[in-house]
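Shared between the two complexes below is subunit A, which pairs with subunit B and subunit C, respectively.
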Partner chain A sequence: MLTFQIAFRNILRQKRRSLLTGLSMTGGYVLFVFGFSLLEGSYGNIIDIFTLDSTGHIQIHQDDYRDRPKIYKTIQNQEQIKVALTDNPEIKSFTPRVFSPALAYAGDKTAPSRIIGIDPVLEPTVSRLVQKVAKGTYFSTSPNPDGYYEAMIGRGLHIRLKLDVGDELVLISSGADGSIANDIFVVSAIIGNKTSFDRMAVYLPLVAAQEFLSLGDDVHEYALLVNDKDANETIARGLSAQLSELTVAPWQEVEATFYRTMQADKQGNYFSMGLITFIVFIGVLNTVLMSVLERTREFGVLRAIGSRPMQLVRLISLETFILAFISVMVGFLLILPFVYWFAEVGMLMPEPIDMGGIEFQHLKGEMSARVFWIPMAFILGTAVLISIPPGFRAARILPKEAMGSH
Partner chain B sequence: MFRLLLLLSLTWPAIASEERARQVIDEMEQLYRGDSSDATMTMQVQTPNYNRTLTMSSQSYGKDYAFFRIHAPKKDRGVATLKRAEEMWNFFPKINKVIKVPPSMMMGSWMGSDFTNDDLVKETQLIDAYSLVLLETDNQYKVTLTPKEQTVTVWDKIEYTMSKDPLLPLSQAFFDEDGEKIRELTFHEPKEYNGKLMPSILEMRPLNKEGHLTRIMYDDIKFNVPEITKDTFSLRNLKSRF
Partner chain C sequence: MTNLIETRDLCRTFGSEETKVTALDHVSINIEQGEFTAIIGPSGSGKTTLLHLIGGLDEPNSGSVTLSGSNIADMSGNQLSDFRRDHIGFIFQAYNLIPVLSAEENIEYIMLLQGISAAERKKRVKEMLELVELDGLGDRRPSHLSGGQQQRVAVARAMASKPDIILADEPTANLDSKTGISLLDVMRDLNQKRKMTFVFSTHDEKIMDRATRLIYLRDGKVERDERK
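Now for the complex of A and B:
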């Protein structure tokens, strides 16, 4: 307690120097938090965009369907999986899907396309498909009065086949039983825009797609959302143990390329943030060294009246720590409203980023405990660390020599 | 000297056997093709992933014209294939569309079976496009077919085995350029159909795909049917609903 008092007084003794040192640490902290928040926020945003656009937080497939899709690598036993997914309190929603490449005809035009069979009711609970309807209406499961099922097509198909809402679309593909799947569908909606990943997709109601591809009740994929998106890898592991015959993959595996790129980019950013802190602390180190040098006589006296060398080390560390702590607290109060604003409102970008038909106009930050405490811990830790060498320098002072110096 | 003899012994019979082989194959095919034919058959496709049985009718006229129409299962009913010389079309009644099979799809599967589209188009032209070497044993003819220089094919060699009496095909083995046997067509259970003896079962077995087998069983076949003329094999007929 005495050490604490002395340390505190020592900080107040040189107010200007403490203020300047403190300011540089505050600045370092503010920059660190701000950079960290934006980095996490923008990546969080991108991750949200594609996980909510179609990927989901976790996907379930049969075997290696994800890498080597074959129409007959299907998930059977729907009931068992549905029960398992419904009963799991960590899972928010799930939806089954089937896929197949197909040749799309309209009039005398043809285009390669990809059939995505979805459950019209469950799909909106996982993806933003409904919001991506650019024209027409989101389809229903039941066929129209003429007996044709409805289909929603991507913008690319709409352009290539000159196909509009209400037109007939012919699809040819190969069925799971080796038959040549062929049928007519009526376009009910146009999805997304020219850059969407599904611009060449044909969305069909699940039952229609299963019938078309002779799949029976089987599906190729379950995509699910979890309540706590940061825990998706843990939940995926749990599910994987539960559904051992299937392959359960969190989005980090599904979008492995993106994930690795993101990790590399983040590490680069952490490094540059660390560098900022390092530069800030070179200044701080200088200050601490200066103050030790300046107070040689004083430490000599302290030693002479019986202070232990370790007490001096502790005193100097504590001084630096208290100063760093106050700076970080001030920095926290300063940056909090900014981070809050960036997280809630975000900066309006001059050019909105378009992700598959959904526009993102704001550069957003992340507001979470870790955005504040990681830089805080880093700065406080560094402060203590750099104060140790000057501390030892002070501890080595011999009273006799010290009191003779000026 | 020895080498010359060897060379002679290799080439001389080859030239002689070319004509003889052509005769044998021609004779045999003529035996059970007739001018025209009208058949109903059942095709079973077995794969590790699915089994499928189709019943269909087929008509043929000479070497160049053939027509297939699927009768069952219900889902595929009416799907038809027309072959004229080296061209091929498929018709899908559900979408009312005739689709010409492009050259790039010729090696693709026909109706999900182990037969390729190419098999249907080219099968009858083997003796024109390949050089033949005949090997005769007591009860079998063995003809080795190697593609002529201008022939476009994926096969490096085909071995065609026939029994002498009765003159019937037994098997066709297809080899790729590495000399590996890729698939084998075997003929089984000869039966008499309207006075002609012919194999009632054909089995195509791709050897590079385990568990795959396509079996065609002739339920009935009539020959020299007067109703079947060249006009039967028109695109208009292909599209007619039945």
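Now for the complex of A and C:
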């Protein structure tokens, strides 16, 4: 391709200028990729913190339980659902839960609390509850030698009721059948800290909670994790069709407010990254324009010997594209190790940063194809776009400019 | 003999009212297939303007230019680009080769625009380089060729597209007289052996001698038109 050769050699012709322009594009690309990687990494981090704390990637409920929880809105037919979830290769793990408000007594103190009944074996496959045990030991399903079931309580309850590991706890609530439920439990662990969402929660083994609340075999919720968390909305739609009598929601719906805040935050950040890149390109535009003006006579010759105006536009675009492509490739090789390091190791910030209401201190990047190719597409696209006005400037050069002695 | 170029009452003025310059004033000439024509006149007499109009690089204020039966004034845009590409060869005073391409590639480029196959292009490049006696220098960039050599490449480039006519605006003005004459000899040779029609402008006596047809311009008018 002779046009390609002309374009390529024109780049080599003004070595210093091409180098400077190329470097500014490389710089733009590197900044873009790095910012993108850290941003995606941080959001990924936040989403993990959020979803793995308890929400999971997808939740299943009966009807509108999520908005108007009532003890009788239960999911029945456990076997059928378990089979459906187990057979789905996209689902990594799932766990059933029951909930109910309750009054908690310890000694002469009382506090409102929330019972969360969980399967002690399945729950750790979905949430980080085990890691949140601050004191004591994670409970088991079976009652202790005295016949009492174990409970794990939130930090708030621990403080309000002056209740510690090994102490007895009395819960009063109402069962699904309308009966009064009350029973004694032994505290096996304190969970989380004062700001945890479950600071006033009492975790009970699922069977104990079901028995206490007269729920039989029924549960209120399934929380599940998927293998590809970016595909969770699609998977949720598929599940919804499959389990048509139940309500299936991705975490983006379950935590809609958080999700919206995060999206807005993200768009703002993308916009600033795009803006920075665009500013880089004002410099590029200037260079391309300059090189067109310097070559007025040459373009005149090309026009005189029969090049069509559009062929000149294409030539200029090709020149800019080739330079941008080389710059981006160089940038890719330069930034690759950094992105890799930030994704694998990351950096511990001296101060925690707050993003979307969640604090985190360990800055990690994302290493994925999109972190590289989206900025690449953006830079290459902008390069071609920016070369069009100078291209048209070249196309407007009159062929008679080729004549004459200067 | 058929008329290859016919201009009728060509007028071209530059500037407006007060600064108006009449570059060409009712120029009517015929140039036949196979002629070797020199347009002669002092600086500012309208030679360049006439060549521009014949080559479709500029538009007249009035009058017409017919080349191989087509009226150039009726054409526009891509049509005119394509017409120049396929029917007219240009040689410029300042050689105007594409600096980033080798001699061979400069010759090849115009054929690429014409959509000629790679094999045919290679063949013609070789043939053209031999015609202008530059065999062996094909891979040199213009900056590594002398002025005379560059202008020969320009002649080869103009020939390569097999145009109906080659227009040359003071092709020897940047060359010393010996090199200029030898370039003219190359052109004359092509005119005789290949029946290529040339129209070139000059104000050099020694160059004029080689022409078979002399058109004298003065103040934009044809002063004299003689065939030898």
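The rule we apply is simple: the second predicted complex is superposed on the first by the 389 of 406 C-alpha atoms of A that agree within 3 Å, B and C clash if a C-alpha of one lies under 4 Å from a C-alpha of the other, contacts with A are read in each partner's own complex, and residues count from 1 in each chain.
Convention: a contact is a pair of C-beta atoms (placed from the backbone, for glycine too) under 8 Å apart; a residue touches a chain by one contact, two chains touch by 3 or more.
Everything quoted here is computed from the prediction, not taken from an experiment.
Annotation for the three-chain superposition on subunit A: subunit B and subunit C fit side by side. By the document's definition of touching, of the two partners only subunit B reaches A:177; subunit C does not.
Of the two partner chains placed by the overlay, neither subunit B nor subunit C lies in contact with A:194.
Touch criterion met: A:105 reaches subunit B, while subunit C stays clear of it.
In the overlay built on the shared chain, the residue A:400 is in contact with subunit C alone; subunit B does not reach it. Of the two partner chains, subunit C is the only one that A:13 touches; subunit B does not reach it. By the touch criterion stated above, A:2 is placed in contact with subunit C alone, subunit B being left untouched. Using the contact criterion defined above for the overlaid structures, shared-chain residue A:308 touches subunit C, although it does not reach subunit B.
The wider contact with subunit A, measured as residues touched, comes from C rather than the other of subunit B and subunit C. In the superposition on chain A, contact of A:162 is made with neither subunit B nor subunit C.
Following the chain A superposition, subunit B and subunit C show a smallest Cα-Cα distance of 82 angstrom.
On the side of subunit C, the complex with subunit A involves touching residues 48, 51-52, 55, 57-58, 77-78, 81-82, 84-86, 90, 92-94, 96, 98-101, 105, 108-110, 112-114, 157, 161, 169-170, 173-174. Only residues 2-3, 5-6, 9-10, 12-13, 297-298, 301-309, 311, 398-400, 402-406 of subunit A touch subunit C when the two sit together in their complex. Subunit B contributes residues 45, 47, 49-50, 52, 75-76, 79, 90, 92, 94-95, 97, 99, 109, 111-113 to its touches with subunit A in the complex. Within the complex formed with subunit B, the residues of subunit A that make contact are 72, 105, 170, 172, 174-180, 182-184, 214.
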